[in-house]
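Letters are used for the chains, namely A, B and C, taken in the order the chains are written, and counting of residues starts over at 1 for each.
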Amino acid sequence: MKHLLEVKNLETRFYMQDGVVKAVNNVSYTMDRGEILGVVGESGCGKSVHALSMMQLIPYPPGKITNGEVWLDGQDLLTLSEEEMQKVRGREIAMIFQDPMTSLNPVYTVGFQIMEALLLHNNMSRREARDRAGELLELVGIPGAKDRLDDYPHQFSGGMRQRAMIAMGLSCEPKLLIADEPTTALDVTIQAQIIDLVKKLQDELGMAIMWITHDLGVVAELAHTINVMYAGSIVETGKIHNIYKDTKHPYTIGLLGSLPRLDDAPGTELVSIPGLPPDLLALPEGCPFAARCVYRIDKCLAEKPPLVEINGKDHAVACWRWEEIAGMGSR
Amino acid sequence: MTQINPEEFIVTDFAVREHRSLWGDAWRRLISSNTARLGMFVVILFISSATLSHFFWEYEPKKDLDYSLKLKAPNLTVTEEIPSIHPFGTDKLGRDIFRRVVHGGWNSLRVGIVAVGISLIFGGVIGLLTGFYETITMTTVERITLFGISGFLLGSLSAWIANQPLQLVGFTLLGLVAGYFEGFWAGQLKRVVFFSVLGILISAVPALFAGSSVALVCGVLGLLTGIFLALALDGRFFSNVMMRIMDMILSFPGYLLAIAIVAFLGPGLGKGMIAIGVVGIPVYARLTRSAVLSVVNKEYILAAQSVGESHGRIIFRHITPNILSPIIVQTTMGLANAILSAAALGFLGLGAIPPEPEWGAMLGDSYRYLTSGAWWAVLFPGLAIMLSVLGFNLLGDGLRDALDPKLRT
Amino acid sequence: MKADMKKLVEVRNLKKYFPGSESSFFHTGNDVKAVDDVSFDIYEQETLGLVGETGCGKTTVGRTMLHLYRPTAGSILFNGVDLITLGEKELRHQRRKMQMIFQDPYASLNPRMTVGSIIGSPLDVHTKQDRKTKQDRVQELLEMVGLNPDFVNRYPHEFSGGQRQRIGIARALALNPEFVVCDEPISSLDVSIQAQVVNLLEDLQKKLGLTYLFIAHDLSMVRHISDRIAVMYLGKVVELADRDEIFLNSLHPYTQALMSAVPVPDPDLADKKHRIILEGDIPNPADPPVGCNFNTRCPIAVDKCFKEEPVYRETADKHWIACHLVK
């Protein structure tokens, strides 16, 4: 089966005054139709930048995609011109951002903003677009949707705004929806609502979703596949069960260990990862995680481990010592 | 293969960013910009030529007069007709324009520094206090002081109308009392009634000596003053009063207000400085206030409070250093503005008194001779004004970029 | 387990209303009842977790307890002394014993001051130590929170978020406080750094015998660090009990929903978990519903909940709750 999305050797750099920030380094993976992919990592690990690179939304200068291919349905997005990209954005790939407060324009009504996307990409009359906008708002569970089309964003609560953003994202039935930390700014109970909504929508509409987050808990409830990113590279990727139950990479092990769990015995000390993520301006030669890794050997400092597939096709890890570490960290 | 025991594992020391002070960073950014360097060059040239000429190149404007050299074009060599070198030519009284332009720089520099100093000190203090107490609760001492000042300011209006300085004292006292009795008679209504009656008495009784209509006006003013003081016993009130006064000053066109003040005080460079300074106060007050407001809600202010630091310490240690950047930029730009304003006053004959070399006045003296071909008498003072203003503005722009906190993570 | 423990802080009927309108002369509009009649105790050397969603008033509780806000009503007893009756001077003295760690390590450190003067600030205010003693103390504190003591002359922008938070902790500890309010100290940090900071806080508690009020919205972290947990909703404490009691035997429908909404980093558990998804949003605190303030979202509300406000009471041993439906 042909993949919906295939990213090959994607590499993004930011040319700053102080040097070159290696934001995304040689990232390759695939996504299938109808798949929910969780991209997990800490701030500055390149998870958002790599998504923006796919959309060619990197500010240039200082940012530049220096290498790679992004195949979406048989089309390499990185070779497209700005005009052609504008047709892809919104129609084929839609994006939802973290802060629902700033991603909606405060001077236009919510209905108008949804209609705008519809009018731009589809041959629709204003009336049709308005009806469709109402349907979309209803789809994302806003009560009294038709009456709220003429509301301004400030009349919506944070959760409702994020729903409206999702409605905008869905308006042209994209093949891929990229959600960049969509629930980080929301409260837990509202986050639960949104996760529930996204699951339902995905069942109904069947689009692929890329869910970018720092929260390993959220993707555990949602995703089919997980990419764990660290310092601009994918360090571990695989089906969700492989990642959580058969963790191989020491970073993923540490990340899972540093989360307190509701079934922990009292007094358990959290496993913390010592030190800090490396400075992307001066990435070390070898494995980017080596400086913080307890399993480090000399080879790790000298040579960057490639992402190797293990257990057939559903799990890959970038670590020289995964075979020895295997099993030690999973709980 | 060696296995590192997690217990023995020592993390390489935390990677901390390079050690640099914020001001050092800003300086490096400033000197890396070409326009800023140009601005700095012009400004340094201006300041040093003005200062050096003032101290080391004697010039007595009152004795400088030579009708034989009236309106001569610039010359760089000595001729029979013109026995001395005048690189910028001479003016209608035969004075060397180069000499006057260089010496005029001292006057412009003085105006700039004094006028901006006045605006900065008054405006800065007003902005700092109003911004700070807008959100932070005052202590009793601070309340008494600030309400005393409010009372003084409010009272001076009616005192001025009735020409009775006694009222000024009375209202100041009223403010002090209002500040002290925060919970006075618990009920707000009682307090309002009490203070308004007191206000009327303080205001109207002395005004009766001046006449019954004055007493009426002063009585109303006194009533309002009393209500204001009694109603809003917080910093927001103080801030409101101050900023509304600033708004009033700001609602006059700047030059007109300066001209009005000079007309009131009489001409002269010194009075011009005061006029330009006063006009600039609200600009600095607003700027400082908005800068303070953006800092005062930061958590480190809360942290300082939770540690028990006093308000004075918070203002000096935490707020002032963090609002300096916009003020430095504004001050630099303000110097340019003050030089321009002084020139405008001089041109209108309201600034420096004639023989005194001053660029605006020189322009005003000479523009009539432009038709007779004496372009040099206008060009060089004009160029001096333009260059010095441009220099300060370029430097200000450079400083703005260098100090912009948005560039920092 | 702590029946014989001494109460360090007692909060009684604490209320904090913020004026509803910006007008300085006349207060029109409703007051925002950020904290509305909250009572609880904190025992010596325990950690009380305070959880709730945005706008529930948890941060206001913390700040009012340290008297950064003047309470509208109620009392705060610290070591038996009512802070509200104290004058400015005595209050400043009491501040030595109670300190705060702030949420945003980027905003809570003055960018123009060196680390040394930030941490030394409380010493300047409360002690008359000479430079050398102060310097030594600052270095000792830096070491205590796991930073290189040579960093005293550095500026905050040279540090990462986690390190800055450590600096904030060192400042809070400078005066050997007894009680520390931790106001979401980890929510703006990365996951792997969160664990470092939480472990540090726990170590310091053991070493120095500190008492914490740990404010957070992350239930799993609160469960990890707290002995007892209080759940707040719209300015009121709805449930307060021992950590395990809250997690295994929660009674209030809001607590139950909150708990089920926490994402679990385990796909198997996530599939099995029974989820209560609350409908709607948190009401505006300036205009709270009549009766129980949770009635707009409560899945089991009955008529009584829309009429009468439930009383906050002790139902079982040390289990406090405000709900009509709990016997």
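List of remarks:
Please note the rule applied: a residue touches a chain if its C-beta (ideal position, glycine included) is under 8 Å from a C-beta of that chain, and two chains touch if they have at least 3 such contacts.
Please read these numbers as outputs of a predicted model, since none were measured by experiment.
Look at the CA centroids: the one farthest from the centroid of chain B belongs to A.
Pairwise, the chains sharing the most contacting C-beta pairs are A-C. Taking the mean of the C-alpha atoms as each chain's centre, chain A and chain C sit 32 Å apart.
For the pair chain B and chain C, the distance between mean C-alpha positions equals 44 Å. Chain A and chain B have Cα centroids separated by 51 Å.
Residues of chain B found to touch two or more other chains are 14, 17. With touch defined as above, residues shared between interfaces to two or more other chains in chain A number as follows: 274, 276.
Multi-chain contact residues of chain C (touching two or more other chains) are listed as 160, 163. The part of chain C that touches chain B in the complex is made up of residues 24-25, 63, 66, 68, 70, 88, 92, 95-96, 99-100, 102-104, 107-113, 121-122, 125-126, 147-148, 151, 153-155, 157-160, 163, 168, 171, 175. Listing the residues of chain A that touch chain C in their complex gives 42-43, 157-160, 187-193, 195-196, 214-218, 220-221, 240-241, 244-245, 254-262, 264, 266, 268-274, 276-277. Interface residues of chain B facing chain C in the complex, by the touch rule stated above, are 13-14, 16-22, 137, 139-140, 231-232, 234, 236-237, 240, 298-300, 302-310, 313, 317-318, 321-322, 408-409. Across the interface of their complex, chain A is touched by residues 53-54, 160, 162-163, 190-196, 198-199, 202, 217, 219-221, 223-224, 243-244, 247, 257-268, 270, 275, 277-279, 281-282 of chain C.
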